[in-house]
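Listed below are the structures to be examined.
Shared chain: subunit A. Partners: subunit B in the first complex, subunit C in the second.
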Partner chain A sequence: MASCGNPIADDSALMLSRPRFDKGKHCVKCKLNLGNIVIRHAVYCRDCFTPLVIVKFRRALEPHVNANAGTSKRPKLKASGSLVLGFSGGLGSAVLLDLVYKSYFAGRPPTDENGDPRGGINHPRNVSVWTSCAVCYVEVSSAIPEAHERTEEMRSALASYPNLKFIPLRLEDAFDESWWCRMTGNPDMSQLTLELGKDGLPTEGLNLAHSSNTLSPKDALRAFLTALPTPTAVSRAIQVLIRLLMFFTAQFHGASHLVLGSSLTTLAVSLVSCVAQGGGHAIREEFQEEWPPGLSPGVERGGSVRVVRPLRDVTMKECAAFAWWNGIRVPGRPRLTRVITGIPGLTKDFVVRLEKDYPSTVSTIARTCAKLEPKGTSVGECWFCYSHLQGGLADWKARISIRSHPNLKVVERLASSSPADSSVHPDQTSRLPPLDTHLCYSCITMFTSRSSRKSSFAPPLIHHQDMPLPRWVKPQDAEEAIPVSKNGELWVRSRQSEKECRESIADFLLPDN
Partner chain B sequence: MSTITVKVEFGGGLELLFGNKRVHSISLPSFVPADNTIAPSSPQNSETPQLAKSDDPPLPANGPNQDPVKGLEETKEKRLDVQYLMHYLRSRLLTERPELFMDGDTVRPGVLVLINDTDWELEGEGTYEISDGDDIVFISTLHGG
Partner chain C sequence: MDESDEDPKTGLRTPENPSSLRLHDRSHLDHTVLVMAPMSCALCQNAKAILKRPKTGQQICKECFFFVFETEVHNTIIQAHLFEPGDRVAIGASGGKDSTVLAYVMKTLNERYNYGLELFLLSIDEGITGYRDDSLETVKRNQQQYNMPLKILSYEELYGWTMDAIVAEIGKKNNCTFCGVFRRQALDRGASALEVDHIVTGHNADDIAETVLMNIMRGDIARLGRCTQICTRGEDTIKRSKPFKYAYEKEIVMYAYFKKLDYFSTECIYSPDAYRGHARTFLKDLEAARPSAIIDIIHSGEAFELREDIKATQKQQQTCKRCGYMSSNDLCKACTLLEGLERGMAGSVITDRARKKLDAMGPAPDNLRTIPHFQSPRPAVSIQSPSQES
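Take a look at the complex of A and B:
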């Protein structure tokens, strides 16, 4: 409750709590039955609530099914490939799985007296919209301390949904050469790493190197997560790895759609935390995105993949009530411990509390973010997360960075923070471009931000001078990386050493004496 | 002293906090302390109501026959409601992490409460007076997408 005065001194200063529903207790839809649930101040009975959720689900999904919109207002639904459903075991995933299965894969359609499909040929149950459906689960126990494996539990949860294929993945597959070779058909086993400073964290320049170490995928994953500077960075990295593992898997299996079970509440959380972590330029992709074929290097198989969130208009409360009343089993999702949730965890706490007292604000967050348009144009894709790469990032960072320090001791300490012993040959280092010019702002922040709090993430299992990177991080072709100006001029950027920089401005330097 | 039997169910992972048991049948007195004080449990049966101890406010000998308003005010009691039930669950049945179930005098944000298959917001939330045979469900929505 909010107050405008001192409730201790004045009893009337405390504002009365607002009623939870606007009108009477009868259902606003049928106006006959007594209501069973309150959704954003509107009362619905149980009989009207379930169809309402189904309508919201179909309204969010079906406009994106057909490859081309066409001219018909109600086109026949036919996707160009199969469907992959991202399943985390959480509430939204479980509800989405149930809705997708019952709407599109639940068996032969009932027929009317004439033997024709009941509901018409356009009804979801009568049309094979997708050729098949696969449920993709990413096991994250390797990244979470004291977590146990849940792959078999998820497999058993799908037992009540026959005709669906189960694709189990592991978070460490991102560092597994055999998995990447299977996805791309490319036998290239090389892996890139990031050089680390003496503090065990990536250096500011984000220098790439070819790795000469042979870590197992699990150890590489742990080394990668341990080298990240903050709990927020760890949360984001896990999220990016899961997202890309699912995308590559969907493309490999010839899927035209990848559906995720983000509810309106979790969507609002991801939007706010995305902006808080510097990902505002990619905010539209939080709603929906489409990956064209050939976007990922080496993955030639498959067409475009549309990532859709069909529950984006359904709140978490609606999902819970729907799951309970329809007997949907929710296996549950392993909760990242507080120590590694960071900004996403804090944002979730805030939004969930906000939704309890002010349920309409969650949809306001989503509607407002849907109106946002990123400034500037994209100049490519981020090498790590494959989101849009903003132009002019390096210039902007240079303008806001402090490049000199009056205290010489600090300068010397910073200059000596480069790794003393590197497992990389200097010639190999010089051939690879630095990563910072090929990362989006949120990824740069993820690798380079520093927290005043000591990270209490799991202690590193292996001490290394470099940080392994996922297999999909590869230098793009030189021609694709060269920016072209409007008049057709080619701009080539190369890193200058300190000696070269000094020589280029030698005429303007004052003598040291 | 009359007792009320209520069926309590947990879903969405909340059952893990209550000994991994989804359904509980609980018997409570029809009149309970207004400040939601829970008397210490006896070793024999933790799901049955406990007699008030000497330092607790005395329970009415024949509650239904008294003037309900005057009697309740004098003894600072109230009819059994959902708020008391939540305090009872936290004190007697919760095995770990009480902060995941309750926040102050109400459920933690993200927990959906259904009273006889109806949203508790339609029934007055914590002030709903429980009747014999009621079915109360606590569902956690915090598993995410």
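Take a look at the complex of A and C:
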């Protein structure tokens, strides 16, 4: 990997890199052994390194285990539900799985002569912190062109961790009626779509409609991703789908905690990427969040799920060394191809390169962002990603970039001469509110911000007129928006495609030539 | 607008032939911006679109571009209530594209919307041979073209040191620290000499987005908290604002190009800030991936703030005991840096730790050259809480 020195700078003007072993070659902790690894200019031997990582892991996780902090300085750890671990197959989640298993599930309590736990199963010593642990993997091969299915590979990677339940999910579950019905216990037939313009991308107003097509979940996922305007949008959409699939699953399984294997490096990348995509209002959620964030439509509010990132103080380099020295099997996560990584991919390249020359950078980024909080109060949750919603976004956007001519005459002329397609159908949109007022800034940008670099994700075989949305995107009054006749028939209005329209009048049309 | 040598709206003379301009920076106008295919303007639907707006991606005509660019700046000014009628406003003028366009747009909007402002040009001569002396010639031409009074204040006049002399003393490392600190104070002092109420600078959206990223990566929480504010003002300093806060650098260049404005374009010969170079390159990559990234970063910076408990730990602002300028320590940064230069220890006063080391070496000699005492043109503002008012 090349260094990221400023190419236009004069060499004599640059500060010299600090020597790697600036404090000696012996371990700074035991001061006896020769060092095996340098972490931010400090040298550690292998014997001292492993406990160091374990301490960082426990220090980041355990203060968040009990539902309430209580008054005791060292409260007994007891979670209110089970544990779900988000597993991507990558380095961080593989290390996290090993640490969680060995710290909380591998040790067996001492037994009496009958093989029962000594002191009884209710003895505080014999009660585990979580009732059980499930490992949740989201298969993303349907979203990545030419990717292969890896669910069984992940299942086999968990073979060395007995007693852990494996929950395989698929990215297309977000569009699957049966999955949604299972999660919510609510047989909801309706699926919303976004209207697309002639260019195959969402229109400015983000008009909602009810779906008339019955696409398979996989086709719906592909239609959804194909209609996104930029590689950055595709990348973010996949990330949001994975996040929410895991949240709903954790809640469904009665989990009190969802742990994710984001290392300090990954966290720094997420934070910078979040800022670069306009997510400043939701920056605290990159550190920790509770699920559900408020009232989630269609979901029974049970116990909340706390999302914790226990490796947030451990860098990617430390994770790699820990995995290597402890023989942890890392299956490897499916890499998003270069064409669909966008801003998150660029940010990762940048931060990882910067960390090489400036090893403290990732820690500085995380510590700086931890000192921030959202300005103003939240006005609800985003319908798409469920993060906090900031008020006044439409006004702000209208003020800083003028997208229409304010001259009334021009507007009237534009209205009268607007092309017939116009992609807005008043009779249809009047029934559902436009989506843009219910989305956070990052999601609006995801749907509407365009680039000269078109998303080259999976060219569509069939051009869809509407963009299917995940099953959880529901207006509060969704049920009222669906007209029901007196005899109980359900009427769903949907946009008629040009092809359908032509077919209906085909008998009356003369041949073109 | 026709391409005559006089703008019908402002009456300003523009050069007759683009090729005769001193220097037109066309490097920012790459092929992705200029539209070759004949297409009608997305805004007026009337004229032929000749450019693609970097900010919105819309293909529009030249007239509509001028209209939206100027109106967006006007919206920014009105929304933030930047000016009052009768204000005396100094435009920080370097001769570069941003300040040249700012001077032109400020004059245009002042006349179009009757802001009632008295406008001045204020330039700082850092004393960089081959860079600033050329750009100051551009500012002097702007003075004639825009018919605004011009004040030039030099580092040599104020501090007794030019940047050429400073670089000769300390080398190129950290010289941007000296230049930045000295310029900020010099602008305030120049504004004080002009008796103006307000300084406007040509910082654009790209600059602000870059600063947000830089402050996050460097952990500078104090600056991170205020870098997206359109207007900053210390208790006793002159109000400073950035009307181009939401204007893309590329659009500023396009505006200068289509208006045929006379500006000077070159990089400072002493600016090897490697870390800022990384942030700038990264930002350009983000913009290429998704042009809205610049505005998105500014939106992020506006959407968060420092936690209350962190704000409480920030240093209170006071005045420098030596020169009277605002400072968070007993001595302001400019006095500290100047003392280091005068005592031949300039390289050791960049950080607070180094400053303590300098203090440990004994008090400053009496014959040390110092900065003249700062006199604010406005009385110090005392902030009262509602309870005090009642």
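We take it that the second predicted complex is superposed on the first by the 407 of 513 C-alpha atoms of A that agree within 3 Å, B and C clash if a C-alpha of one lies under 4 Å from a C-alpha of the other, contacts with A are read in each partner's own complex, and residues count from 1 in each chain.
Everything that follows uses one rule, which is that a residue touches a chain if its C-beta (ideal position, glycine included) is under 8 Å from a C-beta of that chain, and two chains touch if they have at least 3 such contacts.
Keep in mind it's a predicted model, so treat the numbers as computed, not measured.
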First, second, both or neither for A:T368, with subunit B first and subunit C second: second
Touched partner set for A:Q277, first subunit B, second subunit C, both or neither: second
Which of subunit B and subunit C A:I400 touches, first, second, both or neither: second
Partner chain in contact with A:P231 - subunit B first, subunit C second, else both or neither: second
Which of subunit B and subunit C A:S263 touches, first, second, both or neither: first
Which superposed partner A:L221 touches (first subunit B, second subunit C, both, neither): neither
Of subunit B and subunit C, the chain that contacts the larger number of subunit A residues: C
First, second, both or neither for A:L311, with subunit B first and subunit C second: first
Subunit A residues contacted in one complex by subunit B, in the other by subunit C: none
Subunit B partner contacts - residues on subunit A that touch it in the complex: 20-21, 25, 34-38, 43, 46, 88-93, 260-263, 265-266, 311, 316-317, 319-321, 323-325, 330, 332-333, 335, 348, 352-353, 355-356
Residue numbers on subunit A that touch subunit C, as the complex places them: 4-10, 12-15, 230-232, 271-272, 274-281, 283, 342-343, 346-347, 350, 354, 358, 361, 364-365, 367-369, 371-375, 390, 396, 399-405, 410, 413-414, 417, 441-442, 445, 449-453
Residues of subunit B that touch subunit A when the two form their complex: 11-13, 109-110, 112, 114, 117-119, 121-122, 137, 139-145
Interfacial residue positions of subunit C with respect to subunit A in the complex: 32, 43-45, 52, 55-58, 64, 68, 71-72, 75-76, 79, 171-173, 212-213, 215-221, 224, 246, 267, 272-275, 277-278, 281-282, 285-286, 288-293, 295-297, 299-307, 310
